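Please see the structure below; I have some questions.
Per-chain residue numbering starts at 1, and chain names A, B, C and D are given in the order in which the chains are listed.
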Amino acid sequence: MNEPLLKLSGINKYFPGVHALKDVRFEVRKGEVHALLGENGAGKSTMIKIISGVHKPETGSISLDGQRVNFNNPRDAQNIGIATIYQELGLYPELSVAENIFMGHAPMKNWGLFKTVDWDRMQRRAEELLGELNIYNLDVQANVGTLNVGNRQRVEIAKALSLDAQILIMDEPTAALTESDVEQLFSIVRLLRERGVSIIYISHRLNEVFELADRVTVLRDGEYIGTQDVKDTSESDLISMMVGRTIDNLFPKQESEIGDVVLEVRNLNHPPLTNNISFKVHAGEIVGLAGLVGSGRSETAQVIFGVLPAESGEIYINNQPVHIQHPSEAVKHGIGYVPEDRGHQGLVKEMTIRENTSMAVLDAVSSNTFINQAKERILADQSIEQLSIRATGAEQVVNKLSGGNQQKVVVSKWLASNPQILIMDEPTRGVDVGAKSEIHRLMSQLVAEQGLAILMISSELPEILGMSDRILVMREGRLVGEFTRAEANQENIATAMMSEVINKRKEAGG
Amino acid sequence: MRKTFAITLVLGLLVALFSVPTGAQDDRWDGSDDLETNPLACGMEEMMEEDAEEGDEEEMMEPMEYDGGSATDAPDMAGQDIVLVDVPKLVGIGYFAATTQGQQEAAEELGNVTVTTDAPTEANIDDQIQVIDSYITQGVDGILFAANDPVAIAPVLRTALESGIHVVGYDANSEPDAREWFVNQAEFNGIGKAMIDSLVDQMGEDASFGIVTSTFTTPNQARWISEMWAYASDCYPDLEWLETLEAQEDAVLSFQQAQTLINKYGEDLDGIVAMTSVATPNSADAVQQAGLCEDIAVVGLATPNDMKPYVNDGCVRDAILWNPVDLGYAAVYVMRAIIDGEFAPGDTSVMAGKLGELQVVNGSEVLLGAPFVFNAENINDFDF
Amino acid sequence: MIAKQKALPARPKPIHFLGIILAAALLSAYLFLPFANQPELGASTIAMITESKKANELGIFTNGLALIPFASLGIFLLGMWNVIMPKASRAISLMMSVSGLLVIAYFINFIKDYAEEEATYISQMGIGFWIILIVSILTILQILIPRGITEARYRITKLYGNQESIIVFGLLLLIFVIGVANPRFLQERNLSDILSGNAYIAVAALGMSMVIITGNIDISVGSLVGLLAVISGRLVVAGLPTPMAWLIPLIVGGLFGAFIGFLVAYLKIPSIVVTLGMLSIIKGILIIWTNGERVTGMPEDYFLSQFRPLGIPMPIIIMVVLTIIVALWMKYSRTGRAFYALGGNADAARLSGLSQKRLLMTVFILNGVFVGIASVMYSTQFNIIQATPPPGLELSVITASVVGGVSILGGTGTVVGSTLATLLLNFIRSAMIFINVSPFWLKAVQGLLILFTVLADLIRRRRQRL
Amino acid sequence: MTTMDKIKSTDAPMNLAYRLRSLLFSQEGVLFIIMIVSVLFLATRTDKFLTVSNLLQQGRFMTEVGLIAIPMTYIIITGGIDLSVGSILGLTAIILGWTWQELSFPLELAIITGIIAGTIAGFINGFFIVRVKVPPLIMTLATLALYRGLAEGISEAKSARGYPEWFFQLGQGDFLGVPTQLWLLIVAVIIFAIILARTQTGRALYAIGNNETGARFSGLTVDRYLLFIYTLSGFMSGLAGYIFVSRVSTTRSDMGTGIELDVIAAVVLGGTSIFGGTGSVIGTMIGVVLIQLLKNGLALTGVTSDATIIVIGSVLIFAILVNNFIQNRRLGM
């Protein structure tokens, strides 16, 4: 009973210098949510790309409903009802929602001689599709560029439905979402499951897997490890399957004695999303900054870091007033900023590890503006060693690294500038469990041993609760709450984050 | 921030529209450059020939010293086969295609001359210099040139002379000492007079006219216009100079500029004076398409074939013959004569095949003849 | 991020169509009604325009003109009403109001002159004719073309909806200012001369805009126009039937486009590099082949650009028709939309199964064809075809597209914009002469104005980003 | 960890052979080979070509393009472009002549004024590109017209001539048997090649070209660098303008028309990606030299200019094609 709808077997895929998938098999049943787990670089993405027809496997067979299929391009896969929602959203910011949904298969009006895109029908269908997802307040003519992340993703899902997909692949759909968006997403996923759509769900957040998935398949280093029913497995099982070893603790928080104030901001202003923010950060403490996406957390961080110079308010470092107009000045004052958007803000992906790690400290590695490559190499090798970055060496191009390792490179870049204050914006977004715990361990080491002050922004409550000594909560550009590690818990923080907002967001579909 | 931009924008626009120097009449451009003008005596063009003669006689009465250069210890190639290179302003336009044609004719007649034409594909002073330079390196017996800029081209030509290569210019001159002889279609003042005369004859002494020239920086046109100005201000002070517009050597632009003149001045425009063989037919075309043949006279330099449609249907009464073919033809003969030693500094004339004897004027210029005006009667005698 | 109000339904409201109908009715009435009190002439405006200068007597046009203020008053009121009811495009409204005012201004201007018994009234009627023509076309386009319909948000939240309307605004402003400074500028003949004389640039700009929208560029346009023009001319002189001589350049252009497309799409050479090379290659071919000999002696029926059906110069008709067709095609055809997709987000385009290679080929071939059309319009306007590429054409074409609001990074812009921009740029060029800008400073002023147009667009984009 | 082993096994050995190969197959290497081949070929066709005097003469001719190509390389590496260089050259020339003749400045001062004017012109480009965020191509497209217009307006079609002898030293004179301006070019190339390859500025430029935001978030003063390179571009164009005037001994408002295309062609030919991020001054110089030698060599072998431009156009496309191919292969292995 319950024959597999999609069946992959003996899949092998090679990339230059890498054997990405080794004889992998994979099954998806009709109407199930099937989680696909594995550390970055384990081969999940490659597998998805194969299922969705982007890559062709060297060997192995794919069969749908028993008969063999093979895809030469994404279109083929779409035609037989396999739709994919990619991690980096595949949308056209300059085009309207309706168009994005129907790009490539717009409803046409037939005039006998020629066909034309039927805009009216396209917009009506778009509204219907969104309706099916219980989204009634999204303007189908708005430019996607003007939507927030949650809405963009809904557009992606609607797009998938428009192909009336029987298999829907979701690659880390929640990576960029806020709690409330995640809730909506889950309800949509369940909705689809009831309609008999099979969903391949990829995520690093294990709790989501347990909340949502029926079965789970684990890959490691391009090999098939196993498939299990979610109900008869446990978090630690999965982790050990993924990592190949057991991870004692995801949040290895060490006790560290809190020093005196290193960073203090007083009524910092940069409307609309930063309105007289005031707080202190002490040496040797991790301050968690919680809040919904769009609540102004990142903006605040960027104001401090000088990307968006403050319109008013003071910043004190070691009780000295400082005036930060540009990131370079922030760096001089010993502030580091690990931004949320790694690929776009954190790294120059086309450059090597060496060049990236030294980017913030060029002065240090160069004698009067001439860069000393030897020094650079030493620096790079140190950070590779210290953060155990998995790479072929300092000369490897960052592009080629997995998400977790890329994140480590970003961190190492800022450690190289040995800062007093490190602002970490979503330090573990899209990072696999292994790397995640390593980064967390590193954070608490830095704090405990070097007395660093860390301001950590995160959308993951467990992370906030697990790592912070103190927790600040922002909402709509204002600081609305402060909790000590002791008094903080899921509920009071969540409510602080969302009270009132919830309703507003509901109606806004955001 | 955005406000300031908006404001600067508006202000800037206003500045652009109103604060730029306006009033074409006020600083009417008379091709002014530092050189002297010497207008001919007044009179209508039936006396043209005499006038021209007269002009020449003047030259002869106080004959000007030879002011050209000379090729230092050039090999004596008298009577032998010689290889010439012809470097016009640019290749790929009809005008210099015609000069090339003339040179080839001459070369065939002489039999012992080979001419190859090579020039930049844009009328660009630097490229022309480089082309000439590479031929100096390559080694030829003589260089024929039409300068994009009289001064800029001088150094490289001097180098040519120094390395024993004979240099003759045609159509567009260089500094005299940078070449031996310059073959001139007609004297600047002659052209200037002919133009004005023709215009006045058609539209009266108080006619008002606009000029379509190539560019303000092209020496020939500049000289002609200043000669026109000089002659007109002596003889017909009532002429009204409306405006001078640039049109490069471009057909479309010439046409549009002529249209602009017509539309801008309406009835106030009696004539269009076109300074290039491209501008003349296209201005005529513009006048014709506007159906104003009776009201606007088109005067200018042109090659007969281009003008036939307009002259034959009477839209244009006459035009001044510009004969690139003979120009190229003469240039080759002059070069041959130099090399054969039959034509040396001090001579007052040179034999040029079918063109007969050509006069020397202004020291080192060989004159093709007085400006020839063609009209409905004789236009069909020509075919180029 | 925070709640955004529900946007408006975009289906055109009857009110919009009222705009069209009014404008169209106006236009036709103006063009074709015989004028009652001139029985002996009884001719329509069209006839008058086409008549020679002599026939353009005062009386005829007073009637013709009399239509203008009423109509424009109507449009103006409609415009104002649109502004008040925030249900329609501010852009349209703005345009309507301004043009309405304009024409009224001219009516007054006319009455003044009439009293003073000076000037020929062809000029006044000319402006009426052209303004109404432009308004009508734009009213229709604004409603049918993407910017007009899909982006409801533009309409309600922005003062000027898009680059097109900025340019139209600038265009009308220019006409107004220059017209006041020198009414001669407004003669029907002058305006039509400017339009028809540069129509071929606009047509070339159509292709260019498409190429730029896909995120590429073609700087070999100039040379290609030159080559194709000569081909066309030589063919017809060689005795080929005229239609063939008009058609073949399109095909050859398409072939060149295909070649460029191949290099870009399959061999992955950046288009700017390819076309930089092709620029000189084609030019070289042209020179070696023709050696500069002009082409003459084409048969009478060859001169497409000189035809004047309905008294409207052929180039203008071609330009307007093609612009509308292409605009509609870019909006209503799959391929058209795919171009936007490709330019907007190439990866996404690939993932949603669009074939990048095929699209690139298509766009470059199309571009080639349009260059072909442009070259025919170019070669058929005079009795002589120069064997030289029109100087600096590629720059004016690219400038037109960019000024027209086509983002150089690809993904946005409309061909309507590029056509309007062509008009604007050339109106500026001629206008400067009419207000006696010193000939030496023409280029400088043009450059300045281009800069300002671009900045205007930029500021608009800034606004919209907020 | 088998994957890791795989990757490790492909780890690049830092030995001589490897370096040699990577040098040979680098953009510059490939281009250099192409150049050598074509030079040798041309040399076999005419003995006039491969002579010291001729080559030096070509050096004289290519100096202006070479000088402008240096900042252009910088600009294109950052993903920008500057189309207005030709117009700036013209503007400088005119201002030089005009201040000297009309305003009767002392010539030395006139020269400086001219170059300063060029620098300012470049600065204006930079300012709008950095502060107002006008896309470089559009900005310089506009100033291309604007600056040329200014040149024409100021000069009023008059050309300034009759400079004193010493003025021509730079453009037409020799120093130690080598054309004076060529020294200038050589020095400039060395300095700017080192800046690009070895200094923080160079590193910053590459970073900006690859990911501007990333560079900004790393505390690099992106705006300052951009402003600098566009100003530098203006300065170099100005310098080139001065040299040009001194070489052709007159000023015309149409000087340097279309030079931007030659420069860009040279830069692109030199292996600088038009999308930014990669490229080198050395490569650019090879590009400049290659084009110049082709022009001259072909002319000497009796090929006329119209055919020459065909060859150059083809070489441009072909060279990029070959490089793409080879670079892909290298990434493949």
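A few points about this structure:
Throughout what follows, a contact is a pair of C-beta atoms (placed from the backbone, for glycine too) under 8 Å apart; a residue touches a chain by one contact, two chains touch by 3 or more.
Because the structure is a prediction, the values reported are computed rather than measured.
Each chain's centre was taken as the mean of its CA atoms, and the one lying most distant from chain B is A.
Pairs A-D and B-C differ in how many C-beta pairs touch across them, and the larger number is found at B-C. Chain A and chain D have centres, each the mean of its CA atoms, that are 43 Å apart. Centres computed as Cα averages put chain B at a distance of 36 Å from chain D. In whole angstrom, the spacing between the mean C-alpha positions of chain A and chain B is 72. Residue positions of chain A in touch with at least two other chains are not found. Shared interface positions of chain C, i.e. residues touching 2 or more other chains, are given as 283-284, 287, 438, 440-441, 444-445, 448, 455.
The multi-chain contact residues of chain B, meaning those touching 2 or more other chains, are 5, 21, 27, 29, 91-92, 121, 216.
Chains touching one another form the pairs A-C, A-D, B-C, B-D, C-D.
On the chain D side of its complex with chain B, the touching residues are 46, 48, 51, 53-54, 57, 61, 64, 132, 152-153, 156-159, 161, 172, 244, 247-250, 252-255, 257-258, 295-296, 299-300, 302, 304-306, 309. Taken in their complex, chain D has these residues touching chain C: 132-135, 137-139, 141-150, 152-153, 155-157, 261, 264-265, 268, 273-275, 306-310, 312-314, 316-317, 320-321, 324.
Residue ranges on chain C touching chain B, taken from their complex, read 52-53, 120, 177, 182, 184-185, 187, 189-190, 193-194, 197, 283-284, 286-287, 290-294, 296, 306, 378, 381-384, 386-388, 390-391, 430, 433-441, 444-445, 448-449, 452, 455-456, 459, 462-463.
Partner chain A is touched in their complex by these residues of chain D: 1-4, 6-12, 198-204, 206-207, 210-211, 213-221, 277, 331-333. Across the complex, chain A is touched by residues 1-4, 6-7, 10-11, 149-153, 328, 331-334, 337-338, 340-341, 344-345, 347-355, 411-412 of chain C.
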